[in-house]
Amino acid sequence: MLHTPGLVLNDGTTIDELINVGMHEVSMRVMNDPEIHRLEMERIFAKTWLLLGHDTEIPKAGDFVQREMGEDNVIVARDRSGEIHVSLNVCPHRGMKVCTAEAGNALAHKCIYHGWAFRPNGDFIGAPVEKEQMHGNQLPKSELGLKQARVHIYGGMIFATWNIEGPSFDEFLGDSKFYFDQLFCRTDSGLELLGPPQRFMIPANWKIASEQSASDGFHTLTLHRSLMEGGIMGGTAESIYDNAPGMYGVDVSSAEGHSLRCLEAAQTFKMFSNVSFEGKTVEERLHMLPPPGITPELIPQLFKNLSADQVEMLATIPPQVGGMFPNVLVLFIFAPRTDGGSSGALALHTYMPKGPDKFEFVNYIFAEKDAPEQVKRDMLQNAILQSGTSGIIEQDDADTWPQIFRNTHGAISRTRTLKYQALSGDIKPEGWKGPGMTYPGFTKDDTQWNWWLNYHRLMSNPR
Amino acid sequence: MLHTPGLVLNDGTTIDELINVGMHEVSMRVMNDPEIHRLEMERIFAKTWLLLGHDTEIPKAGDFVQREMGEDNVIVARDRSGEIHVSLNVCPHRGMKVCTAEAGNALAHKCIYHGWAFRPNGDFIGAPVEKEQMHGNQLPKSELGLKQARVHIYGGMIFATWNIEGPSFDEFLGDSKFYFDQLFCRTDSGLELLGPPQRFMIPANWKIASEQSASDGFHTLTLHRSLMEGGIMGGTAESIYDNAPGMYGVDVSSAEGHSLRCLEAAQTFKMFSNVSFEGKTVEERLHMLPPPGITPELIPQLFKNLSADQVEMLATIPPQVGGMFPNVLVLFIFAPRTDGGSSGALALHTYMPKGPDKFEFVNYIFAEKDAPEQVKRDMLQNAILQSGTSGIIEQDDADTWPQIFRNTHGAISRTRTLKYQALSGDIKPEGWKGPGMTYPGFTKDDTQWNWWLNYHRLMSNPR
Amino acid sequence: MLHTPGLVLNDGTTIDELINVGMHEVSMRVMNDPEIHRLEMERIFAKTWLLLGHDTEIPKAGDFVQREMGEDNVIVARDRSGEIHVSLNVCPHRGMKVCTAEAGNALAHKCIYHGWAFRPNGDFIGAPVEKEQMHGNQLPKSELGLKQARVHIYGGMIFATWNIEGPSFDEFLGDSKFYFDQLFCRTDSGLELLGPPQRFMIPANWKIASEQSASDGFHTLTLHRSLMEGGIMGGTAESIYDNAPGMYGVDVSSAEGHSLRCLEAAQTFKMFSNVSFEGKTVEERLHMLPPPGITPELIPQLFKNLSADQVEMLATIPPQVGGMFPNVLVLFIFAPRTDGGSSGALALHTYMPKGPDKFEFVNYIFAEKDAPEQVKRDMLQNAILQSGTSGIIEQDDADTWPQIFRNTHGAISRTRTLKYQALSGDIKPEGWKGPGMTYPGFTKDDTQWNWWLNYHRLMSNPR
Amino acid sequence: MIDRSTAAVDKSAVLRGLVSKTRVPLGSEVYNRILETLYDEASALDERRFDDWVAMLATDLVYTAPIRLTRTGPNRDRDIMRTMMHFDDTYDTILMRTGRLSKSAWAEDPPSRTRRFITNVRVGETENADEYEVVSYFQMARSRGGDPVNEGTTAERRDIWRHVAGAYKLARREIIFDQATLSMSNLAVFI
Amino acid sequence: MIDRSTAAVDKSAVLRGLVSKTRVPLGSEVYNRILETLYDEASALDERRFDDWVAMLATDLVYTAPIRLTRTGPNRDRDIMRTMMHFDDTYDTILMRTGRLSKSAWAEDPPSRTRRFITNVRVGETENADEYEVVSYFQMARSRGGDPVNEGTTAERRDIWRHVAGAYKLARREIIFDQATLSMSNLAVFI
Amino acid sequence: MIDRSTAAVDKSAVLRGLVSKTRVPLGSEVYNRILETLYDEASALDERRFDDWVAMLATDLVYTAPIRLTRTGPNRDRDIMRTMMHFDDTYDTILMRTGRLSKSAWAEDPPSRTRRFITNVRVGETENADEYEVVSYFQMARSRGGDPVNEGTTAERRDIWRHVAGAYKLARREIIFDQATLSMSNLAVFI
């Protein structure tokens, strides 16, 4: 089955029965079927680009971190020449983990089982007792190295894929690059990962979190109601649905399944609501209300690193939340603090599948490398308070996803569908300078449906 | 495979290889095979009538309880008009549980994920920010309600099925109705559920408990030996197998797989052994030894609600234990108390599958609504002492079932069979007034085999 | 699929794709695939001889122990006539465990569920209330006994198989018997099991431990490095790879997948390094350095029970570690003690599968029955210190196996291979007296590859 | 049955373990003797010395375990439903249970290997000078047969211990389980 | 971020819980009152009496939970990474959290049924006469909805408790979780 | 080996932890110092300060862990089989074990993150004035690498602690595991 074109499950079900393109519905079964899961690992996680970390984690030769690509464990290491390599952490001899540390520094990784040794770039050095040639005589040493993934560094972020001949990283980003650049490539020194990621397990299928990351703005109004009850977003608890804070803006998306929500901060946060950009220059606007993570002294760098259109957008209606297909959430938000300050919070999550019924939530927290130490400190605290393990926003998501997952098993429930039928359609807002598909106004289901269309495309491709 | 008539597993095994009708044997494999389990959920639990609770749990408009139909989670709610509805607790939007409380009162169930709201009857009310029509434009609101199950109330007990066109509840009960009426429909006010059910998990396949519930009387003598050692059933520990207390009576059954064991109390309990019905009228007998749960003041109601034949039977040889296909155990027993009293214990269990390897034991405890408070109190205490989580009878069952289950996995063990070869055959006792199949004398395997025949019938039917 | 010749998985994969005979590689997938696991239970564990214990555990009539044959639970019992029987511990009635004790004495095993009773040889005695014939009328009592396995006692060790018509135990041992006899059949009274086995669970596939047991000598040098750091094997931590203690000897093996490593103790242990066998007789050598477990007073018995060739080998280059296909590790080693003494340590392990993802490590510890009590005491302590739950050697194995197992799941990882490409080839050492395949010099992969060849042979045979 | 739909909102005392306003200080003689008694009780039960345990019970013992119900909104903390119990015992029924355990109680033959961990013990005075309110946190590990996976449970125990002739006897115990659906396949063991 | 690649080898103090060299003896008055306080704190949190809990906090509270990192070789015991936290809170942010729990905090509505087991309590003096270093071992069972499988966590808590007006207030808490990857799906509950 | 088939029926003392008839009262000075010592021991092991732990051991230490056997009927409570052990150690072999842990003991490199919970401590006098019988309940959580699922074990420890020069040293420990088949994949950690 697995090698015929398209996707047909063992029981004869086709992907078009699971994903009803005409009706914009997805069968709940997709969220727990083990056969589908295995195909996802082969057709998505072994094929597309995956986020593994940030180069500021491994500054020196020999530095390494251990990460996951789907369910494959890898070593992300910097070699003597400063180049970063991603090697499958499976010993070519008998399959032991060559590297058992989550992070560290080593110019030779020696497997504890029989002692085979490998360089940071995966090259096989040799087996103990050299004269006995315990690596055998059937394969040359050059074929006994750790399997290498293809690596691309974007804005300091380390991406890798097993798809050696596949699309380039820029092809993978597509039209979304214009928008992601505004977050990741806007300053001279770029971002800095503030510490090793938070890691925790969610008892749910990875797609339940990932389809949400494709810019599900609407759930904020109800699931994250407590944010608004807090009052920091304006209005009162009663008026939440009338004000609908944060619901209006421009959702942008591209065919590769990525998306971002561009929001005018002033519309979202009470504290900024007295801000008016009337007749202000881009630079003035940036100083009045710097985008999340940017401090005044960094503003000149924006002009240097971004196009005029990009800077203007960042100044006016910056991208704040969104996702990168298949499993990355982007959270670059204004985060008002209890002390009144607001340096924003910058976080990226990866949702790494661990079987059809669990995924690991990996939360990377960033700041601009050249930001003042105190700002970094504040932003770290903001990001921890809002996102990840104890984050008051994502606590509610993390409790909701498993309940949805438990709802996908029943004989009747599994035949129900997820619906993406509130669509605004691709409309270019007047004077909009960015590429890609744009969905202005109230946040709808378009971007999430684009995520599923790309899922459908990849899952239908056996090669 | 799943859509061809009959039942053929992926490895080519047919149901007739698993259930040997001629030899009255069932393969152990049936007790753990995941493929069979999925088919059971579709062909049995999505097709037949299931017990979900009792209407005294939800007396007022808006009252609801959350229950399971196999592995599908449902809301059992009473609407404004007083009618009871059973709705699939899966949000039509993105599959979240619409109701997260196990019980409560609500005239609108609002999903916490995006805020879609539904009435007690499952009707879709709307999504937040009405003007944005976030339920989309592809389906009318009338098609966005919670999926409805078909409901039937019998003796106050709430039954439901997904099989909208299938057999009526009376057809489902068949000839067994005559006997069940004697337990559930005998008084003016009927039964009252004394509290929310006990719930606990058993690490075994649901059928191991359910085939036993089909009136396996014989196991009592050995597995529940401690009851007799207690002496309350007459004789001494040594004489248990000679006296065989509770083994003689009339087992009744019908083609739908239901069954009950009708026993003369005097034969079972020492304390009653001086009772003689010689030349007594039915009414006199009832006063001498009221059936379990019935108090003297309720006796007149029996004549009002039951036929003469039914009352006579209740007075002489009342049904006491049995089962309702597929997963209900009926326990309406005399329960002598340490203080000498005996008001009986009335309990129903449902064995709800949670995968092939676990089921939830849900224990509902009842009393006659019009019984005196002290009697209700005593009966609650009796039922808890005998049945369910801490019950001295069912402790032993709950420890035995998992051991049988663990015995079904081995390559050799799974080919062994359960045997139902001690059969007495359908014999109408002299003067017997009831319908259905009757098996007088020592309790044998007939009723359990009828359970398997109905299982075979339903599993063979793909529609 | 399961009934066509050869092995073809449901997805079309053949065993030759999984085990590349030409390249001496085994796909990681073999270590976790559930379908392969089920076939292993049928084609290996239901077919080959399995070690279940030792007759010194059950000296008297009625004595029994409960053990596992793969995933089938069995009763190993001695009957009145002193004969040992292995019965499937699955009640022929409704599948309950007939015996719930791990060990004990009983001349009748009575099932607690309905009371059917069986003799130590598995014969059905009867059901309670004899006159009611609750075992039915469709099968004679003679067909209602516990399923019997075929039993063979070798050196006191109890082996059994479900393969009634299959190879004899001697055929199963093949050429390896010559070597195993030197460990198990060398003294008049034979071995004694010192106590019930240690039992613990390892979260890994059984083959990860078993392919290692097929005489993977090389891993000792690196994984068990701490042994050498301890200094008891000569040299310093730095010189481990130069000295390569214990790496040189003669690995012996036979087509049935068994193997043993024959080592000159003097080469392995510093404490013995002053020993020289120059011009010494076999008897003198035995007294200078008795093989593990043998005390001076037992030496005469060796000549009585073994051939001259066997004794000479035992005196010069005794078998010390190895494995018996499919799941037995043999550990008959010199074990220098902190107090300077050394009586050796004798242990056998069985790795019993519990699903594809777990196995039970059962550790049997022995001594020669006629050895002095203090020696037995020392050997027990040695064996516990080195092997099993807390053993300083096997702690490291038990932590490594699960890490390899976790490495077998990923979409990329599962396509990687285990390699056995360091082969020395079958070379008869000059003057070697033993049969079978011999691999002199540095320990290589030959014996482990022989294990896989036999695995390939059995898995390819559907009958 | 109790009509949950009208249950008034009332956070107070709903879950509160220790009700007494007069605390018996941790480290005081009474506290120490009671804590010692709880440890001795646990060992009697873990060692299956049921006679020793029964000797620690008052003959007017009330031993109960209400169920828990998952609720939301204003009533979310009112989740102890005393209309239904997992245990609803008296001294007499406990005797029936322990008596059974010495006979053919297959649920505990072979016996579970249990370990009862007692922590967070708080003691208060009651209106009766010789009776003390004792709240303890309870955790049990339960191992059966060759199964490497334990069953277990956690709970709060709200006791009344009565000082009688130099010893303390259990007069009242309410077990507050932490699960709405119990993971233990039976309660053939005492909490 | 901290450059782990050059982390000097330093076993001392890396994992050490109790730093104080002046021990407050187990059984002493101060020890007993502090232990009592820890039990009362656990009951306040298990009973969701958040106001009672907040009343036990000092307004200069620092409440943190560094992540753990799996490391090998010379640095294997230096596995507490304070560059990243699971909690990084102050009195103000704790108030925001508890305030939220009284509103629409779905993560805890319906609430988890929790049990916080406190053991292995050790106390030491600090340079401030009224402040005590308190190390406790912490274990939480957490039951949600009808799920028979609990979530849970274990940790060490390194506290500073300050004696104020006859009571002790929590001035500092560092939570040392025992897992590098947390098994709890969120930390909507306090440790 | 021991012939289980003739094991006489003998409920007494089979499982009994505390044998001493002379109890050292909970809260007494001796009890408090010993409890403190058990907490300190747990922290030394959890913090992998093996030298500190060895310093708490008597040189004549006997450290054992008999296996458990599932039995039925009259012998059902005689389930501690001292003919086979999980640990069978002396001071010397413990030194070998701790020494190994400072070298290439991969089973603990990277190290497990462990937490040893000590509860239910009972103390009794022995015939030797300076030696005390100490029974404690033991629970360990063990987290390895990035695995979110902990291993763990529960047990009773029956110790002899000897008072030497103002401190207590462990002279005897018998570990009674609660499982017949251990769920921990190795015992590279001390109990």
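First chain written, first letter: the chains are A, B, C, D, E and F, and each begins at residue 1.
In this section, a residue touches a chain if its C-beta (ideal position, glycine included) is under 8 Å from a C-beta of that chain, and two chains touch if they have at least 3 such contacts.
Every value quoted in this text rests on a predicted model; they were computed, and no experiment measured them.
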Exercise. What is the set of chains touching both chain B and chain F?
Worked result: A, C, D, E
Seminar exercise, completed: Under the touch definition above, the chains in contact with both chain C and chain E are A, B, D, F
Exercise. Quick one: which of B-D, A-F or A-E reuses the C-D interface, over half of the residue-numbered contact pairs in common?
Worked result: A-F
For this session: Same or different, please, for the chain D to chain F contact, judged on whether over half of the interface numbers appear on both copies.
Result: different
Problem set entry | Which of A-F and B-D has more C-beta contact pairs | B-D
Seminar exercise, completed: For the pair chain B and chain E, the C-alpha centroid-to-centroid distance in angstrom is 47
For this session: Calculate how many whole Å lie between the centre of chain C and the centre of chain F, each centre taken as the average of the chain's C-alpha atoms.
Result: 31
Problem set entry | Sequence positions of chain A contacting 2 or more other chains | 10, 100-102, 112, 199-201, 223, 360, 396, 400, 403
Problem set entry | Residues of chain D touching at least two other chains | 27, 70-73, 106, 109-110, 117, 119, 145-146, 148, 180-183
Seminar exercise, completed: Listed by label, touching pairs are A-B, A-C, A-E, A-F, B-C, B-D, B-E, C-D, C-F, D-E, D-F, E-F
Seminar exercise, completed: The answer for chain A against chain B in the complex is residues 10-12, 23-24, 28, 31, 218-219, 221-223, 241, 244, 247, 396, 400, 403-404, 406-413, 416-423, 442, 444-445
For this session: Enumerate the contact residues on chain D facing chain B in the complex.
Result: 1-6, 65, 67, 69-73, 75, 81, 83-90, 92-93, 95-97, 99-100, 103-107, 144-145, 180-188
Exercise. Okay, in this complex, where on chain E does chain F touch?
Worked result: 15-18, 23, 25-27, 68, 70-73, 76-77, 79, 117, 119-122, 135, 137, 139, 154-156, 178-183
Exercise. Which chain B residues qualify as touching chain A in the complex?
Worked result: 1-3, 10, 38, 41-42, 45-46, 69-73, 88-90, 92-97, 100, 110-115, 128-129, 132-139, 147, 162
For this session: Give every residue of chain B touching chain D within the complex, in rising order.
Result: 56-60, 62-63, 100-105, 192-203, 223, 225-226, 229-230, 237, 338-339, 360, 365, 380-381, 384-385, 388-390, 392, 394-396, 398-400, 402-403
